[in-house]
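Letters A, B, C, D, E and F mark the chains in the order given here, with residues in each chain numbered from 1 onward.
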Amino acid sequence: MRPSGRQLNQMRKVSFERNFSKHAEGSCLVKFGDTHVLCTASLEEKTPPWLRNSGKGWVTAEYGMLPRATGDRMKREAAAGKQGGRTQEIQRLIGRSLRAVIDLEALGEKQITIDCDVIQADGGTRTASITGGWIALYDCLKWMEARSMTKVDKVLKDHVAAISCGIFAGQPVIDLDYIEDSAAETDANFVMTGSGGIVEVQGTAEGKPFSQEEFLKLLALAQDGTQELVAMQKQAIA
Amino acid sequence: MRPSGRQLNQMRKVSFERNFSKHAEGSCLVKFGDTHVLCTASLEEKTPPWLRNSGKGWVTAEYGMLPRATGDRMKREAAAGKQGGRTQEIQRLIGRSLRAVIDLEALGEKQITIDCDVIQADGGTRTASITGGWIALYDCLKWMEARSMTKVDKVLKDHVAAISCGIFAGQPVIDLDYIEDSAAETDANFVMTGSGGIVEVQGTAEGKPFSQEEFLKLLALAQDGTQELVAMQKQAIA
Amino acid sequence: MRPSGRQLNQMRKVSFERNFSKHAEGSCLVKFGDTHVLCTASLEEKTPPWLRNSGKGWVTAEYGMLPRATGDRMKREAAAGKQGGRTQEIQRLIGRSLRAVIDLEALGEKQITIDCDVIQADGGTRTASITGGWIALYDCLKWMEARSMTKVDKVLKDHVAAISCGIFAGQPVIDLDYIEDSAAETDANFVMTGSGGIVEVQGTAEGKPFSQEEFLKLLALAQDGTQELVAMQKQAIA
Amino acid sequence: MRPSGRQLNQMRKVSFERNFSKHAEGSCLVKFGDTHVLCTASLEEKTPPWLRNSGKGWVTAEYGMLPRATGDRMKREAAAGKQGGRTQEIQRLIGRSLRAVIDLEALGEKQITIDCDVIQADGGTRTASITGGWIALYDCLKWMEARSMTKVDKVLKDHVAAISCGIFAGQPVIDLDYIEDSAAETDANFVMTGSGGIVEVQGTAEGKPFSQEEFLKLLALAQDGTQELVAMQKQAIA
Amino acid sequence: MRPSGRQLNQMRKVSFERNFSKHAEGSCLVKFGDTHVLCTASLEEKTPPWLRNSGKGWVTAEYGMLPRATGDRMKREAAAGKQGGRTQEIQRLIGRSLRAVIDLEALGEKQITIDCDVIQADGGTRTASITGGWIALYDCLKWMEARSMTKVDKVLKDHVAAISCGIFAGQPVIDLDYIEDSAAETDANFVMTGSGGIVEVQGTAEGKPFSQEEFLKLLALAQDGTQELVAMQKQAIA
Amino acid sequence: MRPSGRQLNQMRKVSFERNFSKHAEGSCLVKFGDTHVLCTASLEEKTPPWLRNSGKGWVTAEYGMLPRATGDRMKREAAAGKQGGRTQEIQRLIGRSLRAVIDLEALGEKQITIDCDVIQADGGTRTASITGGWIALYDCLKWMEARSMTKVDKVLKDHVAAISCGIFAGQPVIDLDYIEDSAAETDANFVMTGSGGIVEVQGTAEGKPFSQEEFLKLLALAQDGTQELVAMQKQAIA
């Protein structure tokens, strides 16, 4: 039995609140249970230096946690004077995941920055960020389409969503909350597209190494889970 | 006429959403119109080094803005590697203001950190932070009282609230939003207690210098405004 | 009685030593009693990036303290790797205060940096910096006038001077030295122009909140004090 | 055909030069073709702060590249003033991978730091670092055993080795060099133990998403490759 | 002929103003012509961590330049966020030079920090710092002696003074000012004790390499110059 | 007797391994006994900003130590977030020394960066870096000559080599290893050209001051030693 009483293959309640921010070109407050992440998309009319005059645009992501998003207060990274290794790892992952479904040439010489700020954390902040970040990105492209700057369909190739799976108490489970995450033997994150392709797979043995069989069970859970998330994204933007 | 259609002495709609955060000992999402600030209070069982073995506690504040809380995206301070001068000025002000109504000896060797994170900005983020921060601080002390760690009444001496006033289009107005703030000739922030004492006054001529008469009009507006805010705080914690 | 034996409304001995620095376009060693600040004005033939091609110039300030300007040696900010919050707050105040009497359009696309370095501190370093900084700025404009780069009268609209006032031992006093500053119940800084306008007001309750009546007494002291300082500035540049 | 003329399942020539460093408790210059990494193990008689008095030890890793290890000179991270996101991601991976085969309780309150410094880079620096880092770690434990500080067999539970696989020109290949890495459609890193367990899996779609079938082909290649590397490790320490 | 009209072996006018600072245990404003350096000595009742419980004390130095000490304004190191290489090189030299005449065991577990801050620069700031720093150090030890904390004669073994020499326009000259320094073919700094021993020699060919003969001429100039400086130190403390 | 059994005027075994790096335009692994430094030369087709449009090029150096190059592991400077004072001092020395034999006008608007990374340290890393850096620089110019970008003879004016000498156990010795360096009373580094000119002299009294006679003995040792090193450089490039 899972601490939350959920079934092995049952995700937490997921919701998307679009247009959460008054200023951003696209924004979404995504909730995976008690994990709440505010995703905003900010459009700039210029690319990063290394793409200048290439005709191509860029999508990048930044990630942060409010100091008391967690059970114990964490030192504010701005006060510490640098972003930690975990932060950088996560924001690189979010950026790669979203770029996987964007046609950067069709975007043209523009940059969209997806900021994912964790308001409250209960496990799975990176997967919520990717899944909600896609909504913010979509709404930013819609905003651009409304101003005849682009066509959403030309730039956005597919949905992308992410979910964590892990082996908890000897069982493969989906969408681990903080309690499960802390005790899981194996922890994996999967990023997948609407058409079922894999964009990113990251699996880590926390305790003892895992087998190929175990990994395939997690992958199967993730395939169902991400399809469910994509269906919810479709509903949210309908 | 004010851009928002408000009367000269009319504040924006103010609301307090207590217990916004699952983890913090006290928390409050405070809204002054479109300015939304999440205030959390985090209790630690130790004082800063310079108070060790003094028998006294400490209340401090940190302030941050999400990168897209504003009309244009601002560089994330954690990525820039340091907190800017404006951030430091504001968080020092919030800390001083809240300490003005706390009996640090009665608190004992503990530290409470009030994090004020601006989710959306439309002028007046520092005054909203102080006013909402008081609620988070109150709830943290309540949390401690419930665990027999202290008595709220022994530690918390009074309410504290803050409001901005300014001269806009030649008229003294209260609670400036971003449009007014950008165009104001004079901009002042007032921090006052429930019993009407002044904790902090900061007035700045943005354009031409102002006179004592003008300043007294702003002060009068602020006195009414802060009393109104204190009344709302009382209602919120009732 | 004040520790120094001064009257309640008596400032410390103030002096300005112009042309203290061989290299700077304008410079002044200002002394408010034992508080000694070296102010230099440095002219650059370019504006900061955000004013490029605007036709406007800029006046900015930086502030620093020698490590042993104070009773106990303070860590050197260059060695610590960053300027503290207090330093940033003060240098922002000095810059705003001086810009209040400058016509930036008349200055044209140039930047003048006022460096205020505290050689010895005994309270009131920020007010000495503003008051002495005005002399350095004046001399820099004179230097420019001598080279037909501008006319002082077109760029410099007025004098500006600053003084601290506070409530010490229950009495309103002017120009607090370190001993008074450490024990004051209320501490306020006032920046005013030669024609009596208020540029900046900052009042802080150190102990218990203060009343409007108390604040007005401090303001009255400051009005007299700044007019006296302006008279001394006039004598110094005569 | 691969640019190097290798078979799809053919790794580059791998070698381990033990005791490369005069000072370190364990060291190994590992070469995967033209990728050369110096791995040193440094023993300290204390754990990091969060493990103090826990009876447990720690194994951690740091990673760096000499500025001209690469085709174009990269800015030295020490001069830039911080370690980049890629560096932090890699050193966290190396540390996790090595800890997976260490019994931290058996190690006792000691810390072993594995430094992996890339002398020359041609793709696969992180997999070479893990594989060579294991040798340095083994030799450090041997050094300790020789001084009766521990028994290797009590602390070291298994071998660990890592290899990259990817889809290059439509084909699954093992141990990508820089040319292949730059052009690969999918890039994956696998960390496995001597007994065949998976410690870490990281797969990234560089171009289009990949399928489960493709991923399983990469996994199969990696299983053979890591077993081959483990055999070479055994020979090296024989 | 030298630009200043000085003889080849003629130093600039040197003066020491003792007790320049109200707060420091020892202080001296040293002038070598237009080069003015404020040296303060600050006593702390504890050694640096690596000397704890060793019975030995430490003397260290820090060096800084006011931003407009030079012809062109230099960026403030505190604002830049780090001390430059030149600053670190100079402060290490000052510290080593002063420690050469101190008996650290006799000093006991205390630390004296000599801050050398350049108020105005015209060449030779490091040699003025060492020469004036010795006075500040002496006065700090006198201060301690007056409080029965130590005996000056037990701790201070000798005088130390420093001078620059160089080859300018083909001639060996002493005590180069900025104009000479910028054009010198060879530039050397010598630190010597009252008894004529050499503490530090640093010679650098700016243009073409120099010969042993040339170097010995500079050394001879320096020997006379430092003896003259030591005589002036003796007069200053008489 | 020296700990290594060497004669007073006997250097350690010196070797140069050219073309150590696959990527760099010039490279050399230089060994002075157990001190091993990898020197690489990297060519960039642009000068630093302050030389733009001057027609002149630049040669600069950077220096680093692998964390476990030394007996005890040192903190990685990239992790510490800055280069220490010693590192900066050494890399400035290497750069000055190599520029002394380069005609920067003949080089033209290009920059060559010599990276000196200490793989293993046993005293004398800076002198090995200069001596081996010259080889890397030579090979870089050869590489350019082969591509008709320049002529080696036009740009490179002479050899340059460096050696340390010191007074150890009362005797003048050459090429101190770590044990000698730690115990030396006087430590000096000499940089000289192939034609016998002195480029840089740095002598430091570690214990008691040294005399002119002692210094001249060290200089004589260094003159022989650097000529020997130049002869080895000639052989290496033959």
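Just so we're on the same page, a contact is a pair of C-beta atoms (placed from the backbone, for glycine too) under 8 Å apart; a residue touches a chain by one contact, two chains touch by 3 or more.
The shown structure was predicted, so the numbers you read here are calculated from the model rather than taken from an experiment.
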Checklist line | Chain pair among A-B, A-D or C-E whose interface repeats that of E-F, sharing over half of the contact pairs by residue number | finding: A-D
Notebook entry, point to check: In terms of CA centroid distance, which chain is the most far removed from chain A?
Noted result: E
Note to self: Please compute the angle of the rotation superposing chain E on chain F (C-alpha atoms), rounded to a multiple of 5 degrees.
What the structure shows: 180
Notebook entry, point to check: Comparing centres built from CA atoms, which chain ends up most distant from chain D?
Noted result: C
Checklist line | Computed distance of Cα centres, chain F from chain D, in Å | finding: 33
Checklist line | Intercentroid distance (Cα basis), chain C paired with chain B, Å | finding: 28
Margin query: Report the inter-centroid distance (CA atoms only) between chain B and chain D in whole Å.
Written below: 50
Notebook entry, point to check: For chain F, what residues touch not just one other chain but two or more?
Noted result: 81-82
Margin query: Graph shape for the chains shown, where an edge means the two chains touch. Line, ring, star, complete, or other?
Written below: ring
Next item on the list: Head round the ring from chain E, going the chain F way, and note every chain as it comes up.
Entry: E, F, D, A, B, C
Note to self: Per the contact definition, I'd like the list of chain B residues that touch chain A in the complex.
What the structure shows: 21-24, 27, 34, 38, 40, 42, 44, 62, 64, 66-71, 73, 76-83, 87, 113, 115, 117, 119-120, 122
Checklist line | Touching residues (chain side chain B, partner chain C) in the complex | finding: 82, 84-86, 88-89, 91-92, 96, 100, 188, 192-193, 195-205, 208-212, 215, 219, 223
